[in-house]
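So, here come the structures, one by one.
Okay, so chain A shows up in both of these, paired with chain B first and chain C after.
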Partner chain A sequence: MVRPVRSVLVFGSLAAGFLALAPLAVDPYLLHILILVLMSAVMALSWDLLVRTGQLSLAHAGFFGLGAYASALSCNLLGASWWMSFIAAGMAGGAAALALGIITLRLHGMYFAIATLAFAEVLRTVTLQAKFTGGAVGVTLPAIFGGNRVEAYYLVAVIFVLCLAVSLGLQKSRWGLAFQAIRARQAVAEVIGIDTVKTKLAAFVISSVFPSLMGAFYIHYVTYIIPYEAFSLNTSVSALVMSVFGGIYTTAGPVIGAVVLKILEEYLKSAIVYGYTVIYGLILALVILFMPNGLLGVIRRAAGSGRADQILRWFGGRKRAGVSD
Partner chain B sequence: MAVRGQGFRIERGEIVGLIGPNGAGKTTTFNLISGLYYPDAGTIRFKGVDITRRAPHVRCRMGIGRTFQIIQPFENISVLQNVMVGAIFGGRRSGKRPEDTAWEACEMVGLGDRCHSMPGELTAAGLKKMELARALATFPELLLLDEMMEGLTPVESAEVINIIKKVRDSGTAVLVIEHVMRTVRDLSDRVVVMHQGGTLAEGTYGEVVSDPLVIAAYLGEEGEGDTVGHSGH
Partner chain C sequence: MEVFFQALVNGMLRSGLYALTSIGLALSVGVLKIVNFAHGEFLMLGAYLGVFLFVFFGVDPLLSLPLAALALFALGAAVYRCTIRHVLGAPEINQMLLTFGISVFIQNMALILWTGDPRAINCVYRSVTLHLGGVNAGMGRFITFTIAFLMIVVLYLVLTRTRTGKAMRAVSQSRDGAGLVGIRVQKVYLYTFGLSAALAGMAGVMLSMVLYAQPAVGLEFTLKAFCIVVMAGLGNIGGVIWASLLLGVAESLVGTYLPHGSGWSEGVFFILILAVLVFRSRGVGQWFAQ
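This part shows the complex of A and B:
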């Protein structure tokens, strides 16, 4: 375990202070953006947890939708309270990941990605066709906390901090080392005693609980969801893009990527109503072409070896984390 | 201790050279023993236990270690950390601290002073030694070495041969694949010759090289003098 130096503690306290006090300082619209940013950060960071073992998943949308529906249906059909429905969502996501992982984690690269893509598509089709899910009409819920946005913000902030803690904890433990070894050289990892199946399965389950929680949060926050939105491929792709944009295999990278891209997206949406995706896509393409290590790589280079570097290093932001890629 | 399969055994404290022409199945044998491949038929026993269906990491923790023909370092962590990965995951049953195990393994292969280097700063010989140390850090009772001497100078080879003999003398069974016959002669206590996936001959170096069957198998392929079989990947 790397002991945090003073600059890290100072930065951490400032960031925590900002998270805690932000709702007092911003208007409801900005608070809404902040909630979306934190949601994106959880989606990107949890997606990154799995890719650290070398597995590229497109199942995030599937878990997001699964969480949304598990939560909504346990409230509507079983009369669960919001927090019970969140637990149900997390457990449904974890159990689905375990089952899916046992079947698909022997697949590599493209094959695994396609299998996970199919998972989301199957769930969407089932949700569209089934009676108890409401079909194409979708599901509605009363707004969480009676529509109190500040309380909703604190809920998503708590989940974000939890995700951050899990990511840092994994990165600094033996699990992180095992992830890197599997990603870099799977055959070597196996013959030096790493249980690659169990490790990847654990990573997949942990990585899938968070999008399920985000799905539960989303339906409670916007009060309404349809299958096309719940299981949209866009959800998986944006988690991937934000991680790559910010800096893959790190804790800091996906968070930075989510903050920058979500704010950019919302700004472009309001500034260029028609065709903002063109500009958004162009910026993405340029960044990925010219910054192979993501935004984090650029920040690291600019930060040199000073205090900022210490902070980034501790938050899992090495230029190229860990082993070889 | 025994490895059965194509029908040969290896005992604690001996070095067995595994030789044979290209495609004879030497590396496949390693993959079968270390568990990267599962056999379609037959059994593999280790210390009397049937391990045919055990996963590679289980076999590693039981005491089977190996290196690869093509070096496979973890490039972005130091030499010591590379070795420590082996100690952390494969060397648990020793009860020692992984740091200590890694240091000892590095010392054993003569990399004590290069511990804090990055793999990219090592020579080919240094990288081979690092991979050997990483395997040693898992406390193998059976060590499989796939072409350790490939690309090394004769001086470096002689040094690595001495290291391997030290490993053997500590009570480990060592199975080596080598294609330079002089290395096989200097290193092996016993030699197993493979041909077309089976065992063709077995015995001391002197016995197998004068075996008419072995000579026929090699002459049929290339007959290059001091190099037999396997000259590339």
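This part shows the complex of A and C:
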């Protein structure tokens, strides 16, 4: 166990150094891309937190939009400062997840997936219809930190590190084992004394606070949002495809998936303006059919029992084959 | 009072399309036990097929119906054979992710190929209005309603009177049991998925006759069909009719009586889903009591 620990320390400090120093070395456009990549990583990783309990959420876009609107409206209507509006966004997302979860998480996973998809769509309907949200026109805010991109980068980097810590912490704790047990067989998990509903509910709330924070960050960073963009299904699609592509039930997988696919997406957006999401649909179907453990699964198989494997196993959770259990 | 009856009739007419879409979904969920997020995309493809047949060949939408049914049956069977079949034994989450991926793929492919502009069939059924004792009904909607319920009767007969239909019901009750008595489960799954897609395709043709075809229209119908299937209870085909009527009439009433109602009526299905789920999860009270 000594060697992997050292490798992880080396790898971790290299990554931390890169994260901390990146804004000094790259030009503003690349910094913008880096911010988008970190946002995607938070979205994908937080989506994965819930999947570990075996539940499919299609509501990430809903929480993203909810966070964006909660933060913008608390600034514009209540005069909150930026950090207060972030807290408001996180609380709004958490509360909504709690309410939706209490109703749906007791039932079969299918109902949860359907209800979450409907939830995101209905939030858009409500935002378009309600008076105080600005309707189809959307909302605007002054840019955060006076438009200083480097400070904005550090803010999103801090949230990313927080999400990473939560993910690793959950994985190494009793919670991670409880998640795994529920995913493998819920009835057995109940028999061994896990309160499955409360565990799933906790996972859902944690997993929903992060996209809400990202929504709050997005509106502050881009300064403008409309309901069709805030609650776009593409937000949920990209988060889950990045996670599945990298390798679900792990911490490294969603992050790797976000880095690869977000850069690919930025390239594709300039090539195909409408419908670039087609690539996400294709990747999702192909990954499920041919490599259900994602990129990480492929790397692990290729690496065999080598050192790279040990590092990945350390970063990636307890079990080698996560998906098929 | 006249307004009320008009709203009631509008809602009932609207429910025909919902019923036809949902019955296909109820069939595939009931027999395959797989949630098909791409169901609405089959409907969307049927709608485009209807539009293209009308625009390029002048085919009457009523004649396109059997063509769309055949085309979508073939597509559904192909999708089953190439993808769904391979995840039958996988964890449920993989199955849902797969159909969701297929849905995203088809929807965005349509967006790339045919753009996001709505297209419609401008046939004669659109412009004729029927007057029945102070209540008006569009000819197209009336035909849609009639055909939808005719198709449901046909499906009922297929399920109760034919060997294939009985095999479908047997498989939906017990996959292993059906296999033991010699039913070819794989073949039944293939037929069921194809039939489910064909029903969605027919609903699509009629959608382009009364409303329009557009790449994103599938998602709306997937969600509403789920709402109806959840209300009816899984695998309960008869319940689909009542649930469709309930959704259609509720939407129509909200649209008529609420200010800016036509926008709000798009949210009715979610309230219904939540109401049913609250009703189903009897543990909610307990959870608060703890």
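Criterion: the second predicted complex is superposed on the first by the 286 of 325 C-alpha atoms of A that agree within 3 Å, B and C clash if a C-alpha of one lies under 4 Å from a C-alpha of the other, contacts with A are read in each partner's own complex, and residues count from 1 in each chain.
Just so we're on the same page, a contact is a pair of C-beta atoms (placed from the backbone, for glycine too) under 8 Å apart; a residue touches a chain by one contact, two chains touch by 3 or more.
What you see is a predicted model; the values in this text were computed from it and never measured.
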| item | value |
| --- | --- |
| Contacts of A:Arg185 with chain B and chain C, given as first, second, both or neither | first |
| First (chain B), second (chain C), both or neither touched by A:Leu177 | first |
| First, second, both or neither for A:Ile272, with chain B first and chain C second | second |
| Partner chain(s) touched by A:Val197 [first = chain B, second = chain C, both, neither] | both |
| Touching partner for A:Leu117 - first (chain B), second (chain C), both, neither | second |
| First, second, both or neither for A:Leu289, with chain B first and chain C second | second |
| Partner with the higher number of touched chain A residues, chain C or chain B | C |
| Chain C-contacting residues of chain A that also contact chain B | 197, 323-324 |
| Partner chain A, residues of chain B touching it in the complex | 34-36, 55-57, 59-61, 64-66, 68, 72-77, 85-86, 88-92, 134-135, 137-138 |
| Residue ranges of chain C in contact with chain A within the complex | 35, 37, 83, 86-87, 90-94, 96-98, 100-109, 111-112, 115-116, 219-220, 223, 226-227, 230, 260, 263-264, 266-267, 269-270, 273-274, 277-278, 280-281, 283-284, 287 |
| Parts of chain A lying in touch with chain C, wherever the complex brings them together | 51, 54-56, 58, 102-104, 106-107, 109-111, 113-115, 117-119, 121-122, 125-126, 128-129, 183, 197, 233, 237, 240-241, 244, 272, 274-278, 280-285, 288-289, 292, 323-324 |
| Complex contact set, residues of chain A against chain B | 174, 177-178, 180-181, 184-185, 187-197, 320, 322-324 |
